[in-house]
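Both complexes shown next keep chain A, but they swap its partner, so chain B is in the first and chain C is in the second.
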Partner chain A sequence: MRPPLRAMVLAGALALTAGMANAQSSVRIGMQLEPPGLDPTAGAAQAIDSVVYGNIFQGLTRFTETGAVVPALAESWTISDDGRTYVFKLREGVTFSDGTTLDAGDVVFSFTRAVAPDSQNAQKGLFAQIEKVEATGPLEVTITLKQPQGSFLFNMAWGDASIVAPESAATNATNPVGTGPYVLKDWIKGDRIILTARDDFWGEKPAITEATFQFISDPTAAFAAMMAEDIDAFIGYPAPENIPQFQADPRFQVLIGNTEGETILAINNRQPPLDDVRVREAIAHAIDRKAVIEGAYYGYGTPIGTHFAPHNPAYVDLTHLSAYDPERSRQLLAEAGYPQGFTTTLKLPPPSYARRGGEIIAAQLAAVGIKVEITNLEWAQWLDEVFKQRNYGLTIVSHTEPFDIGIYGRTDYYFNYDSPEFRAIMAELDATSDPEKRKALLARAQEHIARDYVNAYLFQLPLLTVARKGLKGLWANAPAAATILAELSWE
Partner chain B sequence: MLRYSLTRLASLTASLLVASLVIFLVLEVVPGDPAAFMLGLEADPETVAALRRALGLDAPAPVRYLDWLGGMLRGEFGLSYTYKVPVAELIADRLWISLPLALYALALSTLIAFPAGIVAAARRGGPADLAVMGTTQLGIAIPNFWFAMILVLIFAIKLRLFSAGGFPGWGDPLAAMKALTLPAIALALPQASILARIMRSSLIETLQEDYIRTARAKGLTPAQALWRHALRNALIPVLTIIGMQFSFLIAGAIIIENVFFLPGLGRLVFQAITQRDLMVVKNVAMLLVLAITLVTFAVDLAYAAVDPRLRRR
Partner chain C sequence: MMRRANLLAGALLSGLFVLAALASFLWTPHDVTQIAVPMKLRPPSAEHWFGTDQLGRDIFSMVMVGARISIAVAIVAVGLGMIAGVPLGLAAAARRGGWLDELIMRGNDLVFAFPAILVAILITAVFGPGAVNAILAIGIFNIPVFARLTRGAALGLWTREFCMAARVAGKGAARISVEHILPNIASLLIVQGTIQFSLGILAEAGLAYVGLGAQPPTPSWGRMLAEAQTLTAIAPHIAIFPGLAIVAMVLGLNLLGDGLRDLLDPRLSRVAA
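On to the complex of A and B.
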């Protein structure tokens, strides 16, 4: 009896080590939303980038965790003195996962496709300044801009500017072919996406060879899955109320960072009486941000005083312009001719920050005499009623695109804000490449909208990540929606 | 029997046609544009228009309705707006979870309810009856999502015997059944409670019929009378309830699917509605109508099989 028993123990031990070795090179990541497709150049869903950015698809440049822009598929570049011509030198030996080699023609194809009239690119604006894209060598691309654009390299780092190949572009949504270190292995729709490391990857081989993205939309289910260790990390953990419990549990680590989401109380700048800047200022002073953050997000979240991310080096803290001051609020309302206040609408999309925050803000506004009628909307209704038809007074929403202060220059945007001065600042910014001058212009832009009280600025949406101890390389902040698997490893 | 089946079949077809029109019209008036939803807050209006054209949303409503009907008759259900894969494929994938889950839950609830109901009826007023009545009262009162969370808390988080959710696929049938076990129990509890009570009351009623007394007078024991004569007649209302429960289990498992993050049909519909993936919504709605009418049809035929008097009508 002895030898077989020993053999069994040995086999068991071997199986155990094999299992452990497996655990070391694979990771299971929980996320709330499932991407509708896997083509980052067609569709606005952040979940697309959360899965594919840097993993399956790469662009000329890329974001790092701090939001800095560094070379990716472009090894280096030169910019002409007038700031209009960019010459990118592509990395040599880069291949797509279908075996084809990356060349300048792919870059030309990708950008021509993105600006075409029938393009379904959700961020067409990124390419708006491109006059022409030419392949000036097998691995050299020359891009000429209509006018200098300081943010061009930044724009090229977006997932929407990923480089795709003409052979595979049409089917990328379901069968993605990119230059990144991973390929799609399996997609059980509604449940999980499995990526696996490419054997023929042209760069350094990543430590994680297989990654599973598990989609769990329900906060309670997310808690259970994490607690049962069914998943190794949950990025964008949806239940802030559980965070202290994870912090106290030695099995887990908790990362609290920022997203690019400026959460604002958006105001319809054309609807009376909200078209009066004094009324908008009164609204801003009526709001106690601390209470809103406490109620909407259990205290996680950085107060903001303008439409800009606090972790950005160019951020200016302008919260003092809209400090909580109900007395000043009432005074401003009286000056504007509404000593008794007025009634307006507050239309809330589904996220809990909006629904919970909306109740608190309604109470705070009521305290200075502004009565709001709350309507809860689904996202699709919100997009139609608020965003498209602009049939609203107030709404709460988080603007999650990075560096999106430019929307205040769009007169067709749902804020209904129209300021030639602001547009002039943005035009100047677009034409400026010098970092210090850009920073000064950005400060002016931030202050301009803060002093116009276009919207009431609430807080930067936090990014909560819960993970098992030992998983390293997770991004605390999300300068863009991304889960860079190649940077992950187990201790 | 044939004429009975044919009339049933005709009313089935008529209800399907009416249902298709209602579904289409309701989705026409619901606000929200799938293209706007997919492109988010920064997209150009012209990009949205391009996507609407690509999705075929710019055609007039009657044309789209007839296209849809024609497609369904040919077995084509169109492409999902969001996933860009055939709707039929999406639904089929989800049915591979929802259908087994519903059957599993139905089997569990029947296995629990029949014996419990029969025992309670046979020993009416005794301790067994009281126990069954008490437990089923509790089973109906407890919301199933709450019960599901308790199951997760005990079996997944504390004891680590099951996963907290998810579905590994049918590649490993044992693992798949295991993943469906907690959800099936959560779904079966209230169903079993209702079914046991119906079984009990229906059986008690038939046990008071004249023909049972006659059977007893012929010398059958109470148990023989129950098994040979009462049970068969008591089954008619129970079958109706099982039919209704089955439709409910396929369509109504949304909450349980959310708790256990199972990619079932309920969650597909829920997601499709929020994303305005109208192609998926209308086809799944149609499929559910079809399933429910078919189940009703099957139950009608089962009545006829159980009760010969119905066949002659």
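On to the complex of A and C.
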């Protein structure tokens, strides 16, 4: 029997048009890191939020692209005059993907679970000021704080403060059940996660009905996948050197934004001679940020002079405190008793900003007499040796959590920095809700760590996103790790 | 005639790299630690013969110094393998069939059973990355190669008349091994040493490629390749030159090894003739 050629051609044509129609409502997104689980309330990995934030799970409030906090599951709220009592009014008709309805009880459960002694929540600090959470109506939650907290609504927008249901909370890591517009369809470990739009979503139906998150850790493979159009967008594109090529290619669009990642040369503040503030200041003045940014990130990235994101309204530009001045640097070293310089270690994690930046900084430090021995480490080794054991002199890393200046108040943190004055500023900040006063306190905090030269502040890590032309709604900036699928569409 | 050409080409290629490595102690066109970011990724030119890398360093100078690292690592590693492996092989052959022979050869099998690069990664992961640990890792893997080769060749010699004569004359096993066996297998060891040397270069490049070799800022061919990975599309020269260096060096050593074998092993040339 002859093969029915006409039927085959027809079938092929059908398959082709089906594929094209599919392309209009589905999207394939490349990311570098795969999440270890899918429960945003039980894990520190940013990759969890990159997949589930706003897609599967939602909180009372949420971040917008600019970092502003807007209502999400809470329709509105009132704050008492003393700033201690928040009354949230929940949206009506919200359902979880298992069909249950969201009520005040779920919110009470979520926060009680987050602050419980056996809580797996990675950001317990967000809930530290909560005194009690009560359901004061079927759709009304009253939260009382121990003391006024200016950042409370901001804290509630974090993925770690997502609202979960008591029936499904325990299994969210593998079988996530949330209130968002998408559900998990399939997870092929080590390769990809597929989300699909919910039929019973309570809100507006999103344009994208199916999204695949493809995990590609190798920058070369990321480049190849993008060039072959195997993926539609790569968020957090890892190889800045390829960006000009994508910009020149009419098939692609490139978005260059900011992350919350302050990239710093972290200093072990307790290891001599780095415990001397003059030595740390000498290191700061020895570094030419411009060359570091150019070499490590191909010129993308804003110089910073303190541990704060430049796009934040409260940011103060303090780069002048640590301007490139090798002469001053040598002078400071001499004052500190090291006219011939000294030798220390520089341990570098895998990202290219650290490896390339490390070699540049090593050369710049050598120019003022500070010899560094470079060791390249994998992440697991870095976490163990540097972050946990604090067996290091210098290291380069990007701190990607939003609004994380508070880490300087933690004496157990790997910088080994201990300043009662700084902790006093942070305590005052925590108790202040007036925006202007908060801004002034934040400015003081930023200046305090800049003048103590706790670390050498390098640049704000840019967010590079490469996407096929026609994909709209991608966030250029990342106020938090998030890929809001509901805002995406093809034109 | 063809064999002579092999030998000559091999000696020339390897000699070139040894010369470049030696010269790099005294002179390189540019300082390899000198970073000049504005000059990054320049294609080859009169000033930078092989162009510049992602941090503006001169690739020609880096290849020269990289040769030094590769050769040093490979020589020391092969030397280690020989120093430990040859006596082990001689001892095993002298006590052939005995428990010492068993112990040495089964120990050999144990090391052979693991893929070399895997154990090299293990060693460097435990003791930390660096040139010294890379040398150790590669050296350990050369021990069984030489032990087995030595034992095999020595076994054949033990049954020959001159060994019998030496035994009759009252010489001990150790003396016979050193005075009669070793000189007779020396050419074999030299040939194998050359081949192992080229494998050592490859292994060093492999370890450096995965970040376990010499640490920056010391240039290393393997790491240059690794760092060039994402840049090959826009600046192919930064991958091509260290890559070519590895190929040429390994090819040269293999040709040299082949040529030496033909020259030193009279049995082979008789068969060929």
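Basically, the second predicted complex is superposed on the first by the 472 of 491 C-alpha atoms of A that agree within 3 Å, B and C clash if a C-alpha of one lies under 4 Å from a C-alpha of the other, contacts with A are read in each partner's own complex, and residues count from 1 in each chain.
Keep in mind that, in the parts below, a residue touches a chain if its C-beta (ideal position, glycine included) is under 8 Å from a C-beta of that chain, and two chains touch if they have at least 3 such contacts.
From a predicted model like this one, the values you see are computed outputs, not experimental measurements.
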Contacts of A:95 with chain B and chain C, given as first, second, both or neither: neither
Contacts of A:358 with chain B and chain C, given as first, second, both or neither: second
Touching partner for A:239 - first (chain B), second (chain C), both, neither: second
Contacts of A:220 with chain B and chain C, given as first, second, both or neither: both
Chain B versus chain C as contact partner of A:366, first or second or both or neither: second
Comparing the two partners chain B and chain C, which touches a greater set of residues in chain A: B
First (chain B), second (chain C), both or neither touched by A:489: neither
Partner chain in contact with A:64 - chain B first, chain C second, else both or neither: neither
Doubly contacted chain A residues - partners chain C and chain B: 220, 378
Chain B-touching residues of chain A, taken from the complex the two chains share: 34, 36-37, 43-45, 117-125, 173-174, 188-192, 214-218, 220-221, 224-225, 227-228, 230, 350, 378-381, 383-385, 387-388, 399, 401, 404, 407, 412
Chain B - residues contacting chain A, complex: 31-34, 36-47, 50-51, 53-54, 82-85, 90, 93-94, 149, 152-153, 156-157, 160, 163-167, 169, 258-264, 267-268, 271, 274-276
For the chain A and chain C complex, residues of the former touching the latter: 219-220, 223, 239, 241-242, 244-245, 291, 294-295, 352, 355-356, 358-360, 362-363, 366, 373-376, 378
Chain C to chain A touching residues, read off their complex: 33-35, 37-38, 40, 54-56, 128-129, 211, 215-217, 227, 229-234
